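Contents: one structure, followed by commentary.
Each chain gets a letter, A, B, C, D, E and F, in the order it is written, and its residues are counted from 1.
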Amino acid sequence: MSRTSLSVALLWLLPAAALAQPAAPVEKWTGKTVLVIGAHADDDAQSHGTLALLQAHGNNVYIVTLTTGNVGTQDPNLSRFQLAEIRRQEELAALAELGIPAEHYINLGYDDGLLEFEDRKAVVGELVRQIRKIRPDVLFAFDPGKRYQRWHKSDHRTAAYLAADAARAAMWRLLFEGQIIQEGLKAYQIPEYLFYDSAEEDRNTWVDISETAEKKVNAASKYVSQFGPGWEHYKGPNLSAEEEREMKERMRARVQKRNGKPVEGFRHYKGLPDSIGK
Amino acid sequence: MSRTSLSVALLWLLPAAALAQPAAPVEKWTGKTVLVIGAHADDDAQSHGTLALLQAHGNNVYIVTLTTGNVGTQDPNLSRFQLAEIRRQEELAALAELGIPAEHYINLGYDDGLLEFEDRKAVVGELVRQIRKIRPDVLFAFDPGKRYQRWHKSDHRTAAYLAADAARAAMWRLLFEGQIIQEGLKAYQIPEYLFYDSAEEDRNTWVDISETAEKKVNAASKYVSQFGPGWEHYKGPNLSAEEEREMKERMRARVQKRNGKPVEGFRHYKGLPDSIGK
Amino acid sequence: MSRTSLSVALLWLLPAAALAQPAAPVEKWTGKTVLVIGAHADDDAQSHGTLALLQAHGNNVYIVTLTTGNVGTQDPNLSRFQLAEIRRQEELAALAELGIPAEHYINLGYDDGLLEFEDRKAVVGELVRQIRKIRPDVLFAFDPGKRYQRWHKSDHRTAAYLAADAARAAMWRLLFEGQIIQEGLKAYQIPEYLFYDSAEEDRNTWVDISETAEKKVNAASKYVSQFGPGWEHYKGPNLSAEEEREMKERMRARVQKRNGKPVEGFRHYKGLPDSIGK
Amino acid sequence: MSRTSLSVALLWLLPAAALAQPAAPVEKWTGKTVLVIGAHADDDAQSHGTLALLQAHGNNVYIVTLTTGNVGTQDPNLSRFQLAEIRRQEELAALAELGIPAEHYINLGYDDGLLEFEDRKAVVGELVRQIRKIRPDVLFAFDPGKRYQRWHKSDHRTAAYLAADAARAAMWRLLFEGQIIQEGLKAYQIPEYLFYDSAEEDRNTWVDISETAEKKVNAASKYVSQFGPGWEHYKGPNLSAEEEREMKERMRARVQKRNGKPVEGFRHYKGLPDSIGK
Amino acid sequence: MSRTSLSVALLWLLPAAALAQPAAPVEKWTGKTVLVIGAHADDDAQSHGTLALLQAHGNNVYIVTLTTGNVGTQDPNLSRFQLAEIRRQEELAALAELGIPAEHYINLGYDDGLLEFEDRKAVVGELVRQIRKIRPDVLFAFDPGKRYQRWHKSDHRTAAYLAADAARAAMWRLLFEGQIIQEGLKAYQIPEYLFYDSAEEDRNTWVDISETAEKKVNAASKYVSQFGPGWEHYKGPNLSAEEEREMKERMRARVQKRNGKPVEGFRHYKGLPDSIGK
Amino acid sequence: MSRTSLSVALLWLLPAAALAQPAAPVEKWTGKTVLVIGAHADDDAQSHGTLALLQAHGNNVYIVTLTTGNVGTQDPNLSRFQLAEIRRQEELAALAELGIPAEHYINLGYDDGLLEFEDRKAVVGELVRQIRKIRPDVLFAFDPGKRYQRWHKSDHRTAAYLAADAARAAMWRLLFEGQIIQEGLKAYQIPEYLFYDSAEEDRNTWVDISETAEKKVNAASKYVSQFGPGWEHYKGPNLSAEEEREMKERMRARVQKRNGKPVEGFRHYKGLPDSIGK
């Protein structure tokens, strides 16, 4: 019996391991497969500096988005269908700025704002399928953390828990075994996690994004229907020079600083999915 | 593009705004429409001093109660049907003490103690309908806060989250749009919130109810089947003089004091529904 | 109207009573009926020292386990069916070490890892039935507490909330009344609780298990497929002398100490189910 | 004990009563309240001749439509929202031709093509509410009959069964009793039924619509987005004179004839809802 | 490979075997275990002559009723709780007339009129448990037959399909296997069926109940709240001599005759559950 | 406006078109894409002669199977996992005999015998996805026909209705539109249907399978765990020469004959999905 797997079993009874920085700084990572799970096109925007940096350093970044984002607008002329098309186009434009290939973007097509009403088993099963296909070394997900105790936008709350539930289920060969038998997938245990949208006090890892901060600003400025003038009146993806300058300025102003450097903060966790929340 | 709506979009990425007292003290409010969402007849009782005060000052108070309260009794002779009738009569009697018209009381008719098992989409849809009809300036709701992390009476937990979910959904024209197209309702964004049953440390607003404390006591003493002798043996709404005196005394003793004045404490929040929990 | 029942009603409006140690120390309890609700065979293992002690002191301990534990293994040759059989055998062997009779073990037969997807009303109803049958003086359950705010293994999270929901529902004669009318059961209110797997800072009761620590070690060493070499390669319930020695040693090392004595820590609560989470 | 109500009880054990024509011919009915339940705007079109006739003869016709009809189009430029608006406008225009007031049209707002996936209890409850409010002497509904054994457009199949289920539930004071206690409604038993879209061999009643056949044609020609050129390319409610002429001609050609007279055929049933299907 | 089991497999592809009378007439059966599944107390009344005869001839009859019958009354003073109690008492009184022991009556406690809204998997699982415990040689169930195509009282429709679904599921060791592993039950295949409430043209077996017709009448006259004066105004189980005489007379008049003899008609089926409907 | 599409709209009100043989005999079809939807590996076996013939004549045959078939065995030593693996291997071996490529076999991985308990919207959505990807000219599906009125093995009943529901939903651009926007699929209307397992009297098309009858026999003899000695005791896919000879003989004896020729019978339907059941 190997030490490794026994320690897995032992962890079930042990107190949670202390939270710690990743072994190697995120800025040095290379050769890793990275999966981001979010609820809406733009949920990954909080991590765009880090994702651009990882992609540039020889890692492979994939984005799985649960909903089409087809509800959140103040433009009275947009339909759900149009909004979903716009949100997809904006996401792909943002990913292009970050150097992430379009085919790494997977949208599961659920309706915005209604994710919590979908059948949980079906959604978890689909996330398990993606995890078993992509087999990420690192999962980026909403932190199922502090503010959820009170209330958090229902899609985010749902995405946080479903991602964690799926990370756990994916590791067991006897769960969603139809995928294993019929599709040739294998059970897979994600070893490492970077949770975004964490409570300030839970963040234990800040990634220095000096190298990619401008890519982050450029990507953010593609979400014209969410952060730009398209929020109230969508006129297409292209802005006037003035509008674009103003929008980028606002996006730039929002980048978090730490010790004078642009950063993105995460709760890092390494270990069994069972203890994600500890 | 107006500043107002852009700030809406911007808020999505910003850290939560600091919690603050309302711009004008609640005691000075006038001309507002106020909606209270609770799970049971008597959940509004925690706010009766404030509600009486608001109604008296030219505001319009509406109560939406999710369940009929048809389960919670120790009287072995009462049926669900009878208990629901008693609870309705008691609620109307209490509201009469507060000066709130009977037609402002809307009970959605779900069974007590079983709310969590109802179809969430259907219940949220019904709450969205009420919000879009009443269009409140202020929502009173259970604080989906601290104790829910551990456990809270399941109807209260459910009512807390459903009210927040509904506040969020109501603002989007593309959610529950059947109501908009078929019933002539319009999407509506509730701007301000007073959460009741909050954890002590989260309360940021105390309303001085000196003016209405006695109304609060009188109203509370109408819940004979819950706080009075009807809990174990219900004999009708009328108490003997002695029973009534004793019950009012107990109710009076429970009014919270702060700096010698009777108060009711809330967590006040103003802003987008998306950030209710921050 | 009796004082007792009125105080029940009054509690609904009062701030939570301070958490306190049990009136008599757990080590002195006798003549009580004790019910443990867990999600998997082995969830009761955290409390085995206390349970052995209670059983030896003239109390009656019952275990209700929600799932069959038929998923959690790294042995590629085990099926769900076989794993469920192994987990049952291991649980009975562990209980035998503790002196708890086999017929006090009730497994509700749900699938491991999928509990959250079962119909909540049906599962709560079944737990209510068990509570009304066994009529425990004390309930041991997962603490629906701190870490659940973030994320916790979904079966544990579900078991924690369902146990609390069932404790509450069981007390009302008008809920799941089919059990009362058809099966001759009566509504029942559990008066006292010991929550296990609580956050360190929430524990208020440590039971001195000096008397039964070795029984606890012996019982734990029966879970060969979970904590022993069977985790990766199951060869049957019997270990070699060397394997058994090593496994017991590891189990012994995990027993918590306090002031030099072996202990098990709990959050103790006495009062209405409505306030379990306070 | 009255004969009437006993016969109600007796019917439970008796073989189904023979199907029979209504006591008075439908053409002579007056003073009745009539409720039509359908799945889509236009499902009532099959009965428009009869409904126009009834409304003209001093009866009151109400239409309850379950879905907004927001899916069925071949025009690639229409959104769900726009289609729902068009379908509502077309329905109101058709009802105006028939002399049925706009406020008698109640649309419950469910999504087209997805009715079967809604929570059945919630939909039945809402239909029960409408039945108890309107208290019809006669219900027009899809015949839950022959073709459903094989397959029938899922919304129609669902509407057929839900209408029958609701007719049954509405009569019991102890079902959906929240409506009775909270909204002042009373249990109500619909005494008579005319089922439309029945299998040919099940029709037992043909209404002579000579008097209103042209109104039926005019009403049908209002459904421009369903039966007219708007099906492929919607340009608004108004047709060119040529288009209108052609559309009316087609609609006129579809009116069923019997003995040279324009008719509409139904399965008539009178009796307890329990025996609707016999 | 035995012939028997292969023929089981072969049957899957073969056309339905011709419907036939039982090998031995029902009147000669002895030593059999018989299970009746119904939706309400009194659904078994259609078969009371046969059941009394079987019980008298050395067979063992068990009744599993899904709902408590707590809704169907026209007495405005009865509650659900009271009605359920009355229905249970009436059923036991009827069974006593038939010679069937009280402990052979198992009521699953679901609410009357709402069975279709319960979780189907949970209800089927519970029926499978009863089938595996009782292991009947013959199942009496609602015929999931002709009139269900159109519409049939929703509880009856549901009971018909759930009984057939459960008969099928019970035979597979890998379905609801928790019952097998945890409760010591074994998979069980019911070999023979008598369906009641069949369409006239589907009945292929008439049981001569000359021997027990009077017991049937006596049993039916116990359902005072359903077939007697208690339907409108319940005054307790005892009738005046005049009321009892009249009620029995009505019950006697309803007994079906065939060739001058009192009979009960069934659709008999023997074979795999998969082909129940053929 | 084209005649074609208008006739689509018109069909909604017209009586069902007469059932008719396909324009060209199935034996002459070429260049078509064919999709078979079934519940279990082997449900396609009823049509193997026709499918082999179609594949050989230059058509492309795809099989979508809903469940893994992981329950139906009498071998007490097989687990769900093993049985699913066996059933997959047998299906691929059978398809190889028919000349259908392994990659044309798509198994959706649901559990055998439990399909009805899955979320219907999720399953229909997945079938719609397959239909929109494969874009079949002809759909083979269980006939949602006659015997379903009574009862039919629940997976078959479910598969029959879900296939018809999915055929209908697939044609609308505004249903499951996430697939269209995110995955580049397009709405698709299946024009032609061959229903298998129809009632004898509903079959209107017999395909002469003289050319492929022996392939059908060979393919059927691959289902060793269903139709062969593996039903009771599975020893692997290979049979002894004697076992194989006997099994093929049995399979050969089951091929239906008509005018001395081996045939497979279907209900053929051409037209809108809305009218599949007419």
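As a working rule, contacts are C-beta pairs under 8 Å (C-beta built on N, C-alpha and C of every residue); 3 or more make two chains touch, one makes a residue touch a chain.
It should be emphasised that the depicted structure is a prediction, and the values quoted were computed from it without experimental measurement.
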- Task: Give me the fewest steps it takes to get from chain B to chain F if each step has to go to a chain it touches.
- Result: 2
- Please name the chain that ends up farthest from chain D once chain centres are defined by their CA atoms averaged. C
- Query: From the C-alpha centre of chain E to that of chain F, how far is it in Å?
  - Reply: 36
- Message: What's the distance between the Cα centroids of chain C and chain D, rounded to whole Å?
- Response: 55
- Task: Just give me the whole-number Å value for how far the CA centre of chain C lies from that of chain E.
- Result: 39
- Query: Listing for chain D: what residues touch at least two other chains?
  - Reply: 79-81, 121, 148-149, 174
- Give the pairs of chains that touch; include all such pairs. A-B, A-C, A-D, A-F, B-C, B-D, B-E, C-E, C-F, D-E, D-F, E-F
- Which of the residues in chain A come into contact with chain F in the complex? 68, 80-81, 84-85, 88, 107-111, 118-119, 121-122, 174, 176-179, 181-183
- Task: Under the touch definition given earlier, write down the residues of chain E that touch chain F in their complex.
- Result: 1-2, 5-6, 8-10, 12-16, 120-121, 143-146, 148-149, 160-161, 164-165, 168-169, 172-175, 274, 276-278
- Item | Contact footprint of chain F on chain D as seen in their complex | 45-46, 70-74, 76, 79-80, 83, 113-114, 116-117, 147-154, 200, 226-229, 231-233, 250, 254
- Query: Mind pulling up the chain C residues that touch chain F in the complex?
  - Reply: 79-82
